[in-house]
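Take a look at the structures listed below.
Each of the next two complexes has subunit A plus one more chain, namely subunit B in the first and subunit C in the second.
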Partner chain A sequence: MSVDAPARTLNVALVGNPNTGKSTLFHALSGVRQKTGNYPGVTVEKKHGSFTYQGQKVTLIDLPGTYSLAPRSPDEMVTVDVLLGRQANEAKPNAVLVIVDASNLERNLYIVSQVKELGLPMIVALNMVDIAQEKGISIDGAKLQERLEIPVVPTQANRRGGMDRLRETIVSLSGQESIEPQSPFPEEFREKVAQLNAKLQAQTPDAPRYLAERLLLDTSGYLETELLHGGHELHNWIVETRNQLAEIGQPVPAIEAISRYQWVQQSLDGIVTRETSRKVSWSDRFDQILTDKIAGTIFFILVMSLMFMAVFSNYSAGIFMGLIEDGFELLANGVNAVLPDGALKSLLTDGVIAGVGGVLVFLPQICILFFFIAILEDCGYLARAAYLMDKLFSKVGLSGKSFIPLLSSFACAIPGIMAARVIENRRDRLITILVAPLMSCSARMPVYVLLTGAFIPDEALLGFFPLQVLVMLSMYLLGILAAVGVAFILRKTILPGETPPFVMELPTYKLPSITGVFWVVVEKGWAFVKRAGTLIFAMTVIIWALSYFPRNESGVEAPFADEIAQLKQQRTGADEQQAEQIDNRLAEIQNEIDGELLRNSFLGMAGHWIEPVVKPLGWDWKIGSAAIASFPAREVIISTMGVLYNLGGEEDEESESLKDTIKNAKWHQSEENVFNIPVALSIMVFFALCAQCAATLAVIKRETNSWRWPIFTFSYMTVLAYLGALVTYQVSAFFLLS
Partner chain B sequence: MLKLSELVVGEQGVIASIDCSSVAATRLMEMGMTPGCQVKLVGTAPFGDPLEIEIRGYRLSLRRSEADLVKLES
Partner chain C sequence: MLPDIPLSMVRPGTKVRISQIIGGCDDVKRMAELGLRDGTEIEMLQSGSPCILRVGQSKLCFRPSDILNILVNTDKVGC
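On to the complex of A and B.
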């Protein structure tokens, strides 16, 4: 390398099986300088990091963990496209870093064999050497490097071991353009691939040899549609060739696994030594207990309960939530004090601060949940949880892999929907995403708490089971049952198909890495904050505008003008007690004016307009307006009701006056109470089932890459919520009010 | 011929063949289940399904319906 030439950036792609410590290694190499994003059109996450070593800048592209480079879906295709330099907006990698699990070399070398066929310079990071040692496996790294003809660097990513040597080896590849691709396939098969490659080149000149090979191997039909665009001539040739190959004992696709594993065995022969009698490791002993029918199930329930207690307890998440609430209150007070009354102040305090704050308040719960999930995942337990739950989930046509996304959704559907990425099967993932918002998330809690507190008698059922707790629990149960039903129906109707395979590695138990867990929490938390900061922000501004305009302040104030003037005059000469009375009356008038303004706003008009629709649910137009206003986020319903019933906007679910007022609210020009138990139940059922969360819908849009699914989710959930509320009101009114 | 799904917990066997007509078969083979390879049934989940097996020195879970695709040497 000449001294004066500016060093070009070295692009290195990270590839490897799941559970090999790939993310940990990525973080260990690149530190904090990393960018996360999405490839357009698919749900594959792109993670970029970089480091500079000996003056050479290296950019790392972290690709999703995979067992094989055999694309059968657009998501899997991205990984292959990136490696082949076919992905738009992504520079072709100069080298590939394959991370392998030293304790599981046989299976991990399978993908090494595939990468070797790409012809890119490569390095093998032999990770988790310590775990291999514990298992009594010793590997001759130098010999392995000789056999594979590629650099092999032993690493311990969780302790940052071997990082300098790895960096050095990566940098040493600078300037090397390619290696000779090596194929483990038999001669006859390679000839056929060469023939197909020539034919493919004639049709699509930029198609690499690797894809020709994949085209011949892929019997799923995915690559044919992707590369041939329905060309019949090549299709027939491929079918014919596969038949010929099968006749000479090289059936596609079995030939791939057979050839590659043969190569693996040859490569490892004499290099890996195991202690003759395989030790029963502590991981095996754990596994025996943790996947045991009885002990394993009890442990599972204990872990899940502990996690939920931590998420919902006042002593963990509660403390931080309180701090965030206080922070936003302080901010609102500050803005209140600084700005003059008017549209801007209202927008900032009632719109932005209340809206964004109302969502951000769930950040601690989300962080705590992901802290637990990351630990469980890192130590290898989550795969066991999916294993234990699979039978149950398969009853509704899903798999155990849907368990974690749905579990996360109890805190918030947003991380839950993002967690659905672990499900490789597109249909399973879609169904999981579509039912995830039915899990009662923490935003429903305030609605449940307010209404049960106000209307459900504080009595115990059968002498020991508190009725209020029972009602709250049934709301959670209702969501779960609805999700089960919807998943089942989707599977039978619009998303039919074969049950996808459930083939899942149960990784060796290991101690979780602190930095790995930390990064998961930071990434998920930040993704949530970004969402709250953008979409919720926009939605709250819209809803605020609808509730603020049109504004005829002087018209609404006119009837009170005389009284206000009079009160203000009296106040100047009043003693302390009188002044307090006058202030109270003034506040009352102000609340009445605010209420009247809201009633006359677009939102109020909309509420009046939909009253005939919500009347069968037992609702008056104010509840209807509040339901509309709570479209950005469910919990907004409480502050909106506060304003509509002339209490001012600063109401929360524990507010006594809101409880009292809604208890005493009357239907227009009548003595009939608006609220009673059936109405409270119908509101709760509505909010348990409805899709009142703009951020969730936006995440569904992002994760499915189509507007179709968020629209579908909103529609089906709204219909479900309406029908649920209707039945709840009519049935309970029949029994309780007659 | 004995199928993988018919093993008793704790029992071992050697893979003879895999029914390749199913999509799941490719996945199983990628995970290392190739003819001649030794497998051991380690246990089953609480409701008897899925199964936990040991292959090539690691643990893999799969459903009974997938284990049916795998024939063992007798």
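On to the complex of A and C.
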């Protein structure tokens, strides 16, 4: 390697089939120095990592796992565009690293044959050689390298085996600009591609030859619309050429599979040796149980129960949540002590700390849920769970692949919606994204806990099933059932279409990688803190301002001024008992003033304005304005109710006084209680179904690249929530109050 | 030689060879990219919808759907 010239950065793209250990290899090569992001307009995630070897800096671009470089959708086009240097804001790769699964060479070499046509210097990482050996497969790597005419490096990415040799080989490609593209297609076909290429060049001067070939092969029509924008003349030429090729026995698109597999077979001839009898592996034994309709389903339910117990148990997430709450309380007390009363203090304690703290408190639950999901995914179980769920999901027009995003949504819809990227079918993905916010996320928990605790009698149904648990559980079930119904309706109405073939690979079971799981948890946790945090922060400031202004303090305080002055005077000469009474009365007055200020705020005005709308739900204006306030983030309802019911904003769902106060709250100028079981149920149902989360809507906008879908989600969920709450109140009031 | 039968009729534990995949061009090609093509030897591991097939060394979970039909030959293979 030359050391004189200052080394320029070598850009290397990673491609390969799913489940070949591509991401593990990416992590092993680049360590922790990596960045993830999105390509604009599509859901394809880009991961950049880098390493320096022998003074050469190498940047890695990890592309999504794919079986082929035949783009049929904008998402698939990104991978091809990156490789061809056509992707904006992405440097053209100097080389391609293809990761292949050693135990599955025949299929994996298909994509190698496609990369060979790009003309880029390339390396094959022959990964999982150890697993192949266990399966009784041995591969002559040296001979394979000779046949393919490209460097082949055996690796064991999960044990970091072969990394140094791989780095060395990558660095050795520095300075090599291109290789001779090799096509496995017959002569006649290549001639047609050359002709089409010439025509394409005339139209789009820098169109690569590879795209001309794809244009001829892609009968789905995607590339033609993408590249030619419906040019008639060229379209007719392409159709005519396809007919000619079919006549000479090279029908498009079948010719591609035929030619490439022929090449694969020639390349592998005499290189792979298999033991004659197939060993029954551990994976097979596990699968016999875990994919069994009965035993597998029982195991699945056990795993899911264990996971949710860990997420909601006071002994796991609860401890950390308590610590976070204590931390924010300390912070609020600190701010309270340091700052004088006024707008700034109110903004910091009631707005920022209450709002952001209220969201961050769910971080432990999200991390625990992702810890489980990452482990299950890494060891290969989630694919089996998706298989088991497919039967159920296919009934509403989805596939088992929607299971993982919906499962994640129980922690938080944001990562759940992002997890929908595993679904290649655009319509299935869209439906999954649209119903994911109906899963009861952890932000709904405080609402459920407060209201069930206050209104549902602490009794057991049939002697053993606690009624409160039953109500909580039914809220979760309600979300699931609503999602099922909505998915079914969407499928039948605005998102109809043919079901594409559903195929999913079940990876071999393996021990999960601790570092891999750790980074997933860190990545998802940080994404939650950052995305939800920034948006919640902004929203709480807005809601705070709406509930703070216009502030006519002197006007509100005037009626109490005399009493306050009197009390303060009495306090100076009072004994201990009297002083306590006076302090209590002063606090009561302060709460009264705060309540009055809130009633006169913009939020309070809005509350009065919508009272006629929420009255059929059994709600008064306070519940109405608390619900409005919690549209950006449903957690806000707890602190808003605290302020509205004259208690000060620092209430949480465990607060006994908040429970007591709302229990005793009366309708204006009446002795009738505002809250009762039907009202509590109707609030819970509203919160279970409503899209009160601006961050979720923002993520839907980003993932679908359109404002249409977040607006749609918001509208349908709000209507659903209103109707659900209405029916709940009217029906339960009929039975319980009459 | 036994006649070709649809994949959905194959019982678990049986090894068969794909004789024909019927469906739209693109769908058939997508199957080929996954390793499912004429002449491929497969083993039915779990039947039903979806079923689990062993294709080479990988396991594919597959819904024998209406728009794609896989015909297989049940003459004993791989013995």
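Following the convention adopted for this analysis, the second predicted complex is superposed on the first by the 734 of 738 C-alpha atoms of A that agree within 3 Å, B and C clash if a C-alpha of one lies under 4 Å from a C-alpha of the other, contacts with A are read in each partner's own complex, and residues count from 1 in each chain.
Operating definition for what follows: contacts are C-beta pairs under 8 Å (C-beta built on N, C-alpha and C of every residue); 3 or more make two chains touch, one makes a residue touch a chain.
Fair warning: this is a prediction, and the values are worked out from it, not measured in the lab.
Colleague: Touching A:462, do we find subunit B (first), subunit C (second), both, or neither?
Modeller: A:462 contacts neither subunit B nor subunit C.
Colleague: Which partner chains sit in contact with A:88 here, subunit B, subunit C, both or neither? Use first/second/both/neither.
Modeller: After superposition on chain A, A:88 lies in contact with neither partner.
Colleague: Return first, second, both or neither, reflecting whether A:337 touches subunit B, subunit C, both chains, or no partner chain.
Modeller: neither
Colleague: Once chain A of both complexes is superposed, is A:220 in touch with subunit B (first), subunit C (second), both, or neither?
Modeller: In the superposition, A:220 contacts both subunit B and subunit C.
Colleague: Once the structures are superposed on A, label A:297 by its partner contacts, choosing first (subunit B), second (subunit C), both or neither.
Modeller: first
Colleague: For A:503, decide between first (touching subunit B), second (touching subunit C), both and neither.
Modeller: Touch status of A:503: both partners.
Colleague: Can you give me the overlap between the subunit B contact set and the subunit C contact set on subunit A?
Modeller: In the superposed arrangement, which is not itself an observed complex, subunit A uses residues 67-68, 70, 103-104, 106-107, 110, 135, 137, 219-220, 253-254, 256-257, 261, 287, 291-293, 383, 387, 390-391, 394, 400, 498-506 for both subunit B and subunit C.
Colleague: Looking at the complex, which residues from subunit A come into contact with subunit C?
Modeller: By the definition above, subunit A touches subunit C via 19, 67-68, 70, 72, 101, 103-104, 106-107, 110, 132, 135, 137, 219-220, 253-254, 256-257, 261, 287, 291-293, 383, 386-387, 390-391, 394, 399-400, 498-506.
Colleague: Can you list the residues on subunit B that touch subunit A in the complex?
Modeller: Those in contact with subunit A are residues 18, 20, 22-35, 37, 42-50, 52, 56-63, 65-66.
Colleague: Can you list the residues on subunit A that touch subunit B in the complex?
Modeller: Within the complex, subunit A contacts subunit B at residues 67-68, 70, 103-104, 106-107, 110, 135, 137, 219-220, 251, 253-254, 256-258, 261, 274, 287-288, 291-293, 296-297, 383, 387-388, 390-392, 394, 400, 498-508.
Colleague: Considering the complex alone, what residue numbers of subunit C touch subunit A?
Modeller: For subunit C paired with subunit A, touching residues are 23, 25-37, 45-46, 48-50, 52, 55-63, 65-68.
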